[in-house]
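Listed next: structures, encoded as structure tokens.
In the two complexes that follow, chain A is the common piece, with chain B as its partner first and chain C second.
On to the complex of A and B.
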């Protein structure tokens, strides 16, 4: 284990940013989202969740794929090359770290997503354990241990220090590069911090939430046809807030933008809550909002586990609990349709 | 936590039990005490989960566009619970012929102001597991200990400057509030913006709007945004969009949306309340309301059903476009 005095954390961040790009929770007009470190950026340990998750660093809300330009009778087509610069993402909590695993299964394998894959290859994830989880947190329901995020580097705020451990080669390289800023230490402080967080996690109101009634062993059509979907969806506005703040929502749309000089083909997050989601030539296959609403939760709790050996597509970060304008969310769905306790 | 809670719940149950209403659009008990959700109740038993307390800020009027169309064979009306401010939105929707009035039973409910849980959390309150309210103090129980907050410090934005406690439309009223008029000056924020230089104002909005993720919560919650198909969702429109394509669009989307609802916006505050990025969208709307008041005389959208707003009327005294330069862009 290595450590640095907590009061020195901004120096640590500056040292990282001196050699590569650094993304971390950055404040703009009162809200925190992942953004690029610039001189003067400070780390705020009291912020648990960014509005958009850390997903936005690897899979940004929109990114250009190809540019088309016509010059007389010639058409030039230039693909936008995937980013290949090394970077670090600092301050990620366990839920968002595990969110990457959910996205990895989709984007890293055939058909490989070149843009995401390249960023994953070049990105080093530096987690910070959550010191003060909130009532909306339920990562434990999906078997996630908030005290062991399992990123390239994991860190814990303990005894006025940031204590850290590298878990991967990338992580080791990063800590090595920080050299003399860090000093060696044993596990005591980190263990103490973990025990404190564990105690709080056990007291949270959703500590007993479980996934009974979902996952790969339950019957798909029975769940699909449950009459309760209608009532659950009855207040839903069909905005995309829940999908846009979610660390595991992975759907995107491909669109063209005419700048007047060229066409930019870009991809942009999509939302199953939108009326034109997966629109096809024959129209949409989910004409009713209840069907669209159901899609989001079936994907997290049934289709994804069916496809990926029982792993769930939700990491329990609680963002949809905090941000849905009408307070409808995956926990309410799980409690209504699943087995209690 | 609202004086009339118990009476409201009892009366709704009665109206459903005796067949006066077949459905209820109300707020449903949540997972925590603060997260009740708008919901449609179709049976008397389901009303066990109906709530009316200080966390029922959401405006249910817009749900009546869909729910006032009765399914075939339904007799009995659809009951909707409306707070004083919500009734303005309902009236405005009637003016725009978006609600079938005859199918609706409006139960007006008294309101002493709604609490914004985000503001409670902003006071450093985390891990909330319960709360109780007494004499204007909300005692929040958390896994990190108890904390007292004054209700008046954590009111939903719109409640800070509540228009007044009068219901402008209802079939039946359960209220114990005297209407003492507006609770505060709702144009204070607008005046602060007007006092800025245009560079400062631009910087203010640039920072705020750069956070926008185009989730459309503001638009979808807005009772004045009731087009069957928004141009921004319509792929044939040429301007459909799921993200802000550039920084120009980032700003213009909101300015245009505010213009589109100008004269129809009742200042119900839903846009600001729902924005996940905390963007004070109501400042756009209030700027337009303030200008309308100054140019055409005081006007309150939704005050009566069927009223003709100044922006769709013509009089010889109407301001000329010249006003923009006369006011030096303000």
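On to the complex of A and C.
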């Protein structure tokens, strides 16, 4: 393992940013989101969650795919090339790191999404351990160990140092490039810090939350037809905030914008909570608000596990618990339908 | 690079599946007052891609949008693809306004085919279609006609609102009717001057015809027709494992990623659109 004095962390970030693009939690108008490092950017270890997850770096909220030009009957199609510059994302917590594993199953295979895949190939994820998990955290319910994110580089804040370990070839390459700033340390250097975080996790209000009643082994139609969905959905505004802050929501829309000179085809995040999400000329298959509400939670807790070997489509980051205007969320759904009232 | 792309304009670059191929409309046929069939080819006669009956493609009109359409032409016709499209929304309005020579974007093929080379082989086939629902079956029927010895007896039951709404009636009259070991039954919903054929809804006519359940049924039409046809088939002694249909839901990507067309854990674009009716029974009733 390697370490650097915590007081030197901004120098570490500047050294990374000197050779490649660096994304990290950046403050704008009092809100933290993943943004590009610029000189003077400092890392704030007290911020646990960015508003939007680190997903936005690899799967941006909006991205251009194609430029079309029309000339009478003729048409030209110019694909926008996927980004192919190396970059680092620093400060990612375990929930968001595992969120990439959820997105990877969708975008990396059968067939490949070239845009996401290229960013995954060129991006190095540098995690920082959660020092102070919050009462909305429940990654443990999905078997995630917040102290072992498993990113390209994992790091822990231990005493006055940032202790780090590379887990992948990409991670090793990054730490090698920072060689002169880092010193060797013992493999146990982060143990105390990990133990402290685990102690906090064990005392959180959602520490005992479990996935009983969900996953690939429960009966699909029984869960789908539970009468409780109506009551659970009744207060939902359908605003889609939960989908926008979610590290695993993957749904997107593809739209065209006519600039006058050309037509830009771009994709944007979309939400299954919106009434026009499935609307076709002849109608929609989910006209009812309860159906749309149920779709989002069934996707995370049943459809995704059914499709991908039992893995859940939620990582327990708790952003939706913090941001929902009516305080409805996946935890309430899990408790209600999982049997714990 | 898309495996089906024949152009060389993006060599050396990872071409995303969402990028359409350039194509040109080479013929337009007005089938009914609101259905046109568009013949589409690659530029300079280049082949777009191979497909199998039941598969679909995304058709793009830049600035208006993109949507999934079943490929109406048989795979045995390799020089072009045909799409029979009903005018019913923003994009289909714009498609109907196109003229021959218009260049468009096409990408595909997408989805699971009808099992013409496996389960259907050697079987008697009963095709049941309503209205524009003939479009996806058209490809299967002509594939079967082109490989006639591989299949048993063929019955085709097709109905529409009126005689004017029968899609591709010329081909049905001139080519399908009268073919050996093939019976074609046509019906329209209401009586009409000059029509001396059968009048009545498809499910009722189906019961009247009382087919033996010794065949595989392939149905497509409005959801309400599919529902009643399926009911009728069950009453006639068919098992759901003998009945196939093809579904349609909103799609943006066509490759199981945009999240729109799911029914439970299945994506219609990728795991469908062709389903055996017993498979549909295991899914939530959201289609």
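Methods note: the second predicted complex is superposed on the first by the 333 of 341 C-alpha atoms of A that agree within 3 Å, B and C clash if a C-alpha of one lies under 4 Å from a C-alpha of the other, contacts with A are read in each partner's own complex, and residues count from 1 in each chain.
As a convention for this text, contacts are C-beta pairs under 8 Å (C-beta built on N, C-alpha and C of every residue); 3 or more make two chains touch, one makes a residue touch a chain.
Being a predicted model, the structure only gives us computed values, none of them experimental.
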item: Side-by-side fit of chain B and chain C on chain A, or clash; value: fit
item: Vertex chain A; arms to chain B and chain C (CA centroids, nearest 10 degrees); value: 90
item: Partner chain in contact with A:311 - chain B first, chain C second, else both or neither; value: neither
item: Chain B versus chain C as contact partner of A:253, first or second or both or neither; value: both
item: Partner chain(s) touched by A:245 [first = chain B, second = chain C, both, neither]; value: first
item: Chain B versus chain C as contact partner of A:279, first or second or both or neither; value: both
item: Chain B versus chain C as contact partner of A:181, first or second or both or neither; value: neither
item: Touching partner for A:73 - first (chain B), second (chain C), both, neither; value: second
item: Which superposed partner A:234 touches (first chain B, second chain C, both, neither); value: first
item: Partner chain in contact with A:325 - chain B first, chain C second, else both or neither; value: first
item: Gap in Å between nearest CA atoms once chain C and chain B share a frame through chain A; value: 7
item: Chain B/chain C common contact set on chain A; value: 253, 255, 270, 279
item: Parts of chain B lying in touch with chain A, wherever the complex brings them together; value: 28, 30-32, 35-40, 42, 46, 58, 63, 124, 126-129, 142-144, 207-208, 210-211, 213, 215-217, 219-221, 229, 233, 235, 240-243, 245, 270, 273-274, 276-279
item: Chain C contact footprint on chain A (complex, rising order); value: 65-66, 68, 70, 73-77, 79, 81-82, 106-107, 110-115, 117-118, 220-221, 224, 250-256, 258, 263, 265, 267, 270, 272, 277-282, 284-286, 291, 295, 298-299, 302-304, 306-307
item: Touching residues on chain C, where the partner in the complex is chain A; value: 10, 13-22, 62-66, 88-90, 92, 99, 101-105, 248-250, 252-253, 255-265, 282-284, 286-287
item: Chain A residues touching chain B - in the complex, by the definition given at the top; value: 28-31, 33, 46, 48, 51-52, 61-62, 132-135, 200, 203-206, 231, 234-235, 237-241, 244-245, 253, 255, 257, 266, 268-271, 274-276, 279, 321, 323, 325-329, 331-332, 335
